[in-house]
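To keep things clear, I will list the structure first and then write my remarks on it.
Chain naming follows the written order as A, B, C and D, and within any one chain the residues start at number 1.
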């Protein structure tokens, strides 16, 4: 027979005004198993808590029900008090007679009766509760960062500087991401490479960071604190340990006409290449799809000229596995190409370019050494048109959302153009100017007021070429939709920011959710913006939604703090409110029949398979379900799926819940 | 609504999830909204945990009506528990129908942590609906039939 | 090979030569066109400017007749008719009530299963393979293929070619030895239904088209729509009044271009009926 | 005050076209070949309708733009929000005639459409000589296109007698049944 204590709180007048607290206590005192019952003005106050503690000791209570405010308010308070008095904290339940009773009903018998019923339900539940212990899960204190853009770089450095090991994997031959392609950056116009390159070098040299470029995640198993990552190291066809990065091979390679990804097709590269001069690591890879050796079995020039014999044509992709405790996703974004736009020529006009291509033209390290020249004939455009929202905010053909960064970089582009071509004329067609950031509006105004950029509010209907000019047909909606036609030399489209290629596939590998546009989804849009729904996997940067550099870096540092916070604990402590498959002595072992309905139901992949083997022969007698306590979040979905009632939830077991329901309905 | 039913005070149990509806009901309280006393709340971690055997149990113990409520689709604290609950509800509904149980006695709904007023409305609507349906006496006969079947 | 055929009013009147050239090339390439018996006007722009139900009932009757006469596919050379018939089919397929109303009004059963081909689709489907072997005198001219608006829009319904910068006529022209030029007015409207009532506007719009084609070195404009043709050809004096200097490049139907390439005569193709002399 | 009888609301009820979808980007007007000639280019018309005021509604119904719109579908083809402007124009034309607010400038257009439909009603097909004659009687534009007629005849493009359906009552009946619902006069 249990010994339960019931403590009814008046909450000043909050409860006592409509509920007869004394009557509740007196009635509860008569319930089966109740050893002690009382009421008091403020249970959560120190004297109130002492009342509970003393009663536990004095009456040797093995269960406590506090009838008070919502458990969402003071459950931790009362559980802690119980614990201090030597009672297992999970033997304490809170009956909500304030939010669910005294505050929502008028004073009267029905209200007091409801309070009594609620207490009765929890008395029955607590008498079936079991002492539970918090769960401790070990943590591997090493992080995996996927993607080496500014987000991945920042997150890696922050985690590494906090004293933890980091594995950084980057799909391309160099880290740097989109930021390395930018010319100057809003809102300060500092040179992108100048501020980025030192950080790239720091990553390469940091003792806590292991960098794998030309690498991709193959597989991720396990759970928070205990992941196992399999990484594919794509064959670079060179031995990085031997290569000195002298560059002889790249100058000699005869395959020179491959459009450079880094220069967005505005320049060429060779088959063996370093994507850009400041690349980290600054060692080449061979692009097998274009190399004559791989495609036709000829050439081999690079092998012959390499002074250190670093070229290894025979290299295959290799795989490594790493144990890690947390993962940071930082795979970034991409922009639509111009061929996406029918009305702007399906990409057939050479002088209609994307904003990213403009960055390469404006960049001192770009194909024109920073001079704005049109791709078709190298002339300096005297009239240039920028079209904002190209594909963004276009539910019909593009994407419905606002890409967020393009208003700002378009203002920057127009400004850079005016700085470089003093007598040039620039026009921006826009729908709205979204410049909601520190110094952003000022930046846009500067473009208009100081640099004389002509802003026209209206969307461009079409662009076509005539006599070497691009005819841009727009409208000025502020002048009653008056048609505006501009004969431009070059048109720059602020093409929509979209999820990176392969994002959906990667999300599925990691079991993280993603939105309809394949951007990774945060656990909560406001309060958990750098976490995913999968414990131990975090988000940084533009893989979540288009973001500018300040937002990206802030998010990356946020994700890093989450990782560092996780790693700062000796091990992972979790509430024991998790599912458990019953076990019993042989020959039954468990009532689990191995149907694995629970496995299909669990949203967290927490159900594993356990083989019960004969101790002598080692033969498998039975395969049953087993809950991984590291993964289980305690949702209980499995419990309602199990037909043989073999899996149950600690703290919300079938027995406990049946008893509570039954008692609630008693009268 | 008939005269006799006016007097009848239905007994209703609400099975709600901890993260949304329980908090929504808390909000109704902090906002001092008033609603009928007939509904008693049982807290679950997630609607996914709400086993429909429990609903039968509630009817067996004399409940006249039941509310099942959790987070809105896509807001589930546990990503998908409420989807499972909804899927199971569709199946279960058919089963209840087949057993001869009046599905109008179970209200399935979503209330978020911010919808205190919605919770109050749902309680009042459910009480009115169940009151109109009258006490749930048939369940006992259905249950005894099942017992007889089982005994055979 | 037999296909159903809906000439539409223009091909019986102002655009006789379109009809003649369609018939001529089909005959030469062994495709038999079977005209829908007792067909009526599709209502064109007038009907849907004035009365929506009527604008659906008139084309629906045509489609119903085709069904009744056992045709599962019809060729509709006039772009306007093609557009009206296709839109009607789409709208009736997506609105049961509307369908009932229209069926009641025309008093004929209607299923909506007839496949509607414009002339280019017909050529691509039935003639593309046989044309090359029949080409006797290559159509070696630089031409501007003008699609107009009704052939490609609304794209969601017609689902024909690319909506901006379509390519199908250009491909046919290349096939018979011509050089399609890249130009800017392939699908800009010529003024279509306003030809008589607002000749001023039509002249302006058509002038833009003719000028761009001529400026870029086209020696002819190729069309697949009687309205485009009459606006660009018959209205040339009005157009030339708008322009600084007159332009005299001819306007040919795509079927006439093919006809010339496979050796049919000027008369067979009705080229003598044009207002702007065909001096190719 | 809320204007429950605004054109926007009636448009939505009758056709499903929702003027609220338009975010005034102006792309329709930018691409419309006749925007220059319209008193209100298409996006402007949408803005007027969005205000749902009697003044704006009246401005739309008396506008010339709705009558010179060619239904070329250029606008909807490019509209990011897929606002069906051509169908909206059809609706506005009907409204304008119902309200007796047709722009004086649009008389010739309407006269032409009417004559056209009369031809179709009477013969089942378009009879161009008849059409020209009827149109000219309506508009008193006796001399328009007179230059063209002789050469059209010479080129075999005009017939003196109409081509008719085997049974012309078919068309009359069809028109009658449809006109029962809407005004075609």
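By our rule, contacts are C-beta pairs under 8 Å (C-beta built on N, C-alpha and C of every residue); 3 or more make two chains touch, one makes a residue touch a chain.
It should be emphasised that the depicted structure is a prediction, and the values quoted were computed from it without experimental measurement.
Undergrad: What chains do chain A and chain D have as common neighbours?
TA: C
Undergrad: Tally the contacting C-beta pairs at the A-B interface and at the C-D interface, and name the larger one.
TA: Looking at contacts between chains, C-D has the larger number.
Undergrad: Once you find the CA centre of chain A and the CA centre of chain B, what distance in Å lies between them?
TA: Result: the chain centres lie 36 Å from each other.
Undergrad: What whole-Å value do you get for the distance between chain C and chain D if each is reduced to the mean of its CA atoms?
TA: For chain C versus chain D, the centre distance works out to 21 Å.
Undergrad: CA centre of chain B versus CA centre of chain C: separation in Å?
TA: Inter-chain centre distance comes to 65 Å.
Undergrad: Hey, how far is the Cα centre of chain B from the one of chain D, in Å?
TA: The separation of the two C-alpha centroids amounts to 58 Å.
Undergrad: When you check chain B against every other chain, which residues touch at least two of them?
TA: Residues of chain B never touch two or more of the other chains.
Undergrad: Of all the residues in chain C, which ones touch at least 2 other chains?
TA: 163
Undergrad: Quick one: which residues in chain A touch 2 or more of the other chains?
TA: Expected reply: 343, 462.
Undergrad: Chain pairs that touch, all of them, please.
TA: Pairs satisfying the touch definition: A-B, A-C, A-D, C-D.
Undergrad: Hey, which residues of chain A end up touching chain D in the complex?
TA: Residues of chain A touching chain D: 343, 389, 393-398, 431, 457-462, 473-477, 480-484.
Undergrad: Residues of chain A touching chain B in their complex?
TA: These residues of chain A touch chain B: 70-72, 96, 98-101, 103-106, 110-111, 113-114, 117-118, 121, 513, 533, 577, 601, 603-604, 633-637, 639-641, 649, 652, 654, 657-658, 660-662, 664-666.
Undergrad: Using the touch definition up top, name the residues of chain D that touch chain A in the complex.
TA: Per the stated touch rule, the residues are 23-32, 35-36, 40-44, 74, 78-82.
Undergrad: Quick one: in the complex, what on chain B touches chain A?
TA: Interface residues on chain B, with respect to chain A: 9, 11, 13, 18, 22-23, 25-30, 32-35, 37, 40-46, 48-54, 57-58, 61-63, 77-81, 84-85, 88, 120.
Undergrad: For chain D, which residues count as touching chain C in their complex?
TA: 33-34, 37, 68, 70-74, 76-77, 90, 93-94, 97, 108-114, 116-117, 119-120, 124-128, 132, 135, 144-145, 147-148, 151-152, 155-159, 163, 165-167, 170-171, 173-175, 177-179, 181-184
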